[in-house]
Amino acid sequence: MDTALVAIVSTGAIGGVLGVVIGVVAKAFAVETDERIERVGELLPGANCGGCGFAGCADFAKAVVGARALPGQCPVCSPDDVRNISQYLGIEAEQKEKRVAVVRCSGDCANTVRTLYNGIRDCRSAVVVAGGAKGCDHGCLGFGSCANACPFGAIEIRDGLAVVHPELCVGCENCVATCPKNLIVMVQASVDVHVYCNSPEKGAAKRLVCKTACIACRKCVKAGEEGQMVVDGFLVRTNYENPPTTDLVEKSQCPTSALRLASKHAANEYQGAAK
Amino acid sequence: MPENESSPSIRLPDPAKLVVSNSPHIRSGQNIPRIMFTVVAAMLPACVAGVWFFGLAALEVLLLCTASCVLFEELWNRLTQRPSTWKDGSAIITGILLGMNLNAGVPWWVCLLGGLLAIVLGKQLFGGLGYNPFNPALVARVGLLIGLPEIMTTWNATRSMGADVITTATPLGMAPGAVEIKQMLLGNTGGCLGETSAIALLAGGAILLAFKLIKWEVPVAFIGSVAVITGIAHWANPAEYHSPVVHVLSGGLLLGAFFMATDMVTSPMTRKGALIFGLGCGIMTSLIRLWGSYPEGVSFSILFMNALTPLIDRMTIQKPFGYVAPEKGKVA
Amino acid sequence: MSAMKEFSKGLWKENPVLVLMLGMCPTLAVTSSATNGLGMGVATLCVLMCSNAVISAIRGIVPKKIRIPVYIVVIATFVTIVDFVMQAYAPTALYEALGIFIPLIVVNCIVLGRAEAFASKNGIGKSVLDGLGMGLGFTLSLVVLGGTREFLAGGSLFQVKMVPGWTTDFMLMTSAPGAFIILGLFLAGMNQLNIRKAKREGKTYTPPGLDCRQCNICDLGGE
Amino acid sequence: MNEKPRKFKGGVHPDDSKALSASKPIQDAPLLEKYTVIMHQNIGAPPELVVKKGDAVKKGALLAKATGFVSVPLHAPTSGIVSAIDKCPGPTGLAIPAIEITADGSDEWGSPFEPIADWRQCPPAELRQRVADAGVVGMGGAGFPSHVKLSPPPGKEIDTLILNGAECEPYLTADHRLMLEQAEEVVVGAAIIARIIGLDTAIIGVEDNKPDAIAALEAVAGRYNVRVQALPVNYPQGAEKQLIYAITGREVPVGKLPMDVKCVVQNVASAVAVADAVVRGRPSIERVTTITGKPVVRPGNWRLRIGTPIAKALELAGGISEQPAKLLLGGPMMGIAQRSLGVTVMKNTSGILLIAGDEVSLYTSEPCIRCGRCVEVCPMSILPATISQAVENKRFDWAQQLNVTACIECGSCSYVCPSHRPLNQHFKWAKVEIQSKLRKK
């Protein structure tokens, strides 16, 4: 039984000595870490979309723990997430409304004049050539720069038009800056009525190139309550401070169907709606 | 305020049919198939020489290899639902090159296996034409050499060696002094079916150079450095080492230097890079031939330099016209 | 989670070799034949089960700071035992073929990884099942890889000739490059299957631990 | 021709197709009913409108005045009424503001300034002011205001004036005809510009595929102490930096201007415009434009007024015999493809080119096979293939490191690419992205 004895004694001795070493090292090189950062990081969605303005979720967690940012600044967090984080850190949970992206154009291939284009299939590159080869200088080119920038797959390119799916959009704003035509705006998710046109040209000029442009006929302005739809040059826009209800679309009988419900637009219910 | 009305007799363009695209609006007319089929034409002399010296077996190997490469290219494209690409000619080149790199007497399934290795392993797995880091034909050759060393190192005798001689050695495998230079120039020696005839290979190389399909730096640096290094070795010990003439004319050196090291996809883009590439190939080949365990090192050295190509490309980024070095302490 | 799930996840969903990509060193080195793969797999399986059981049992008393040395000691003990057992009872050819890779199970990522990620957080029963599942997954992968290489090299399986006329060995498959090629093809196939499956279910597939959204190294994002 | 020109690195030799219009003398276009003068015709700030709808204007009257140093005024192409101020399709395809003039048919001159007959005695500052007032821009392509080039900042010494008569773009023959038919004006213009920048000599660089133009220029050049330099045919010989190198051997540093190597380059058409402004007292309201291409019935060279709609210009040339695939403003290598016939002739419209379908089918881009042809032909010695791959992967920072900003967009790389890759568009895109990143900082 010598072997067993030697094994036990030697293993025990080495273990004892190394244990002392580990103890000393642990004391000497002890690092203070704030475990709250890790915990907050776990509570965050981990999308790393950068929508909060920080370099990823870990950086944001650090900022939240260091009271440099509020949990609600995360565009992806659900209200529940925000409440959990706030509860964990013992801070007041602020009210936060979900914001989603809207692409202000309804000119898909069927409804617009387009020129034959041969080149790189990317909006930011296509604008270098003939402004993007769409009849309307201000419309969506449909090459999908925004869809590629979306980490959540919330933008679909359908028949040459970028369409946001509001239920998938978390409001990270990654798409906003990529659009060379500045068509994408962030609005409250609760508002469903939008004017899907952003061309400042005259109505007649717009009608030449697009069947679904807003021609500023003001039917919607009259159909809604005072101040719900505002006129901006040759364009009508939703007043997001005082948004109209969803029945406005039905009531106003928009002649070009530029006035749309985001939910129905996403579901492709306006196909061929233009007269 | 577009003015589109015009007098009826004069016809004007229909704007709806105009194409917009970025400049330039004219092209030189060059395209990939044209390049590839010119290369095929340049390989023909060596192939004809191979068939002349090794008989119809050589033709069979060449055709089988080409067919198998085209077959696997098409199969892969079908499998991965990509557009068919065999018509661009690159698979045909790979097939012919592979055939030229085989002994005329290899069994049919070796050709098939070579096609699989070349097209699937050497090219398509990396993303197809333009993305492969290694020369596909060489991947197949080396794969076969490692996998089937006996088959790959048995050499058919040429027809003129007599009916009773079935196999022979390559000049590199013979003792120095036993080699006939004239037969090597013609191609009447043992070896892979496409690599023996120096004259035919030089003719093909001349075609490639004339059509500006290869950079002269690669073959010149490759062959030159082999000649110099083996020359020094031969001068130091003529009994052990072949003369540089034998080294240059034997094995796959000419084939490799003109047809494989110059492969556009896997060699550097700049002329300086091409020079470094050729030198590297030459040095590696000489080292393997003189002191390595294989008698032949052309394929290994080209594959090795293929791996270094991205690095060489990085190293040889040229300065633009009117380049001024950034001032010190200032970040460019 | 049911016991069945603990056991079966190692076989496919979290297969240590083909999905988690752990234990690459023995995988590449010993899979020149199905027999070698089986031997290596079974040895690892034994170590994995035993060490998982013991580590799970002592998980409450080991201080967090010295858990790694303790795990290593436990694992090393079982590896030594397995080494002795194999030396005594396994065919000599097999033992010699596996060589250094048996002692090296001590630092096999699968064993240490399961100890750290699973056994130290779960009960003994679950841990043993996990070890069994992972070990079987590992064994299966090695046998399949080894079998494929053996078959492609000479048309045989477990040293039995399957294709009678196959006389010339294709040595590329039994050499190191062959290991990489076949492993790579298996990984590609595995990913392809999972991607297809995810697509059918309307999801995007990301291998566990390789979710692009968790990492900001490249700016590709998304898929 | 006493010095041998240097050959710049790279370049291509496309089929020049100049025979279509090279032998056609310049014809004066008849007066049209309407002209649409695009407001912004120069690089730099757009001019400010000084007329309103309904105003009657004389030919040559000021329509819009310059709004800064890098800006040029616009003048009426004929006498008539300002009938509309609206948007019109611009050369880039986007609609931009334009002034529509309805001609009254009398075409009566009302030039805002007098001829300076004795320009040899006139102080250079006054001549420079005249060039600015006449609205002369670089008529070869970019439309850079000429007077800016002729005003080197203090401390910058200029020792060489080069007139660019290379006309290296295929198809275009406007400068060729101009040099042949108006050699005297070209040379006078050169002498005036030389006087403005304080030199007494100038060099006119002409590609040697125009021997008749060289002979015509040489016949008069001696009298004005101007030298004619024949240049080898090599596209882009007419690019500023390549031209300076060919004639003087100096390399313009990346990101710098010709004046940094003591050179000023002016297009020959701009020189004629300068001569017109000074000697005849006429503002820049017309230019010689080549209307050509295989689908054109009668290709030729016309003197068109600024504001002539493209459709009307094509009618002059007899219309088309077949539907073209592309309508270009400028030459085939650097011209801009148009998608409407409503665009009008601008000061830098050197050509109206129709490209037939067989010359330009819809290319699909294939993967780069790294053949290196683009590297061989790049006159700026950058690495088009590598940069293009960087851009394809949206690595604009890397593209910047590879000096994409040095690219002069001559299109030689795309011309030779056997994979038909959109190299030039990649570079333009990269430049836009790099610019917008700089602006953000």
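When the chains are written out, they are named A, B, C and D in that same order, and each has its own residue count from 1.
One rule holds for everything that comes next: a residue touches a chain if its C-beta (ideal position, glycine included) is under 8 Å from a C-beta of that chain, and two chains touch if they have at least 3 such contacts.
Since the structure is predicted, the reported quantities are computational estimates derived from the model, not experimental observations.
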{"item": "Chain-contact steps, minimal, separating chain D from chain C", "value": "2"}
{"item": "Two chains sharing the most C-beta contacts", "value": "B-D"}
{"item": "Distance-maximising chain from chain C - centres being C-alpha averages", "value": "D"}
{"item": "Interchain centroid distance [CA atoms averaged], chain A/chain B, Å", "value": "50"}
{"item": "Separation of chain B from chain D, taking each centre as the mean of its C-alpha atoms, in whole Å", "value": "46"}
{"item": "Chain B and chain C: spacing of chain centres that average the CA atoms, whole Å", "value": "40"}
{"item": "Per-residue multi-chain contacts in chain B, two or more chains", "value": "15, 17-22"}
{"item": "Where chain D touches two or more other chains, by residue", "value": "93, 336-339, 362-363, 422, 425, 428"}
{"item": "Chain contact graph, described as a line, ring, star, complete graph or other shape", "value": "other"}
{"item": "Touch relationships between chains, expressed as pairs", "value": "A-B, A-C, A-D, B-C, B-D"}
{"item": "Contact footprint of chain B on chain A as seen in their complex", "value": "115-119, 128-130, 133"}
{"item": "Touch list for chain D against partner chain A, complex", "value": "87, 92-95, 336-339, 362-363, 422, 425-426, 428-429, 432-433"}
{"item": "Partner chain A, residues of chain C touching it in the complex", "value": "65-66, 69, 73, 204, 213-216, 221-222"}
{"item": "Of chain C, residues touching chain B in the complex", "value": "168, 170-173, 175, 177, 181, 184"}
{"item": "For the chain B and chain C complex, residues of the former touching the latter", "value": "113, 121, 125, 143-144, 146-151"}
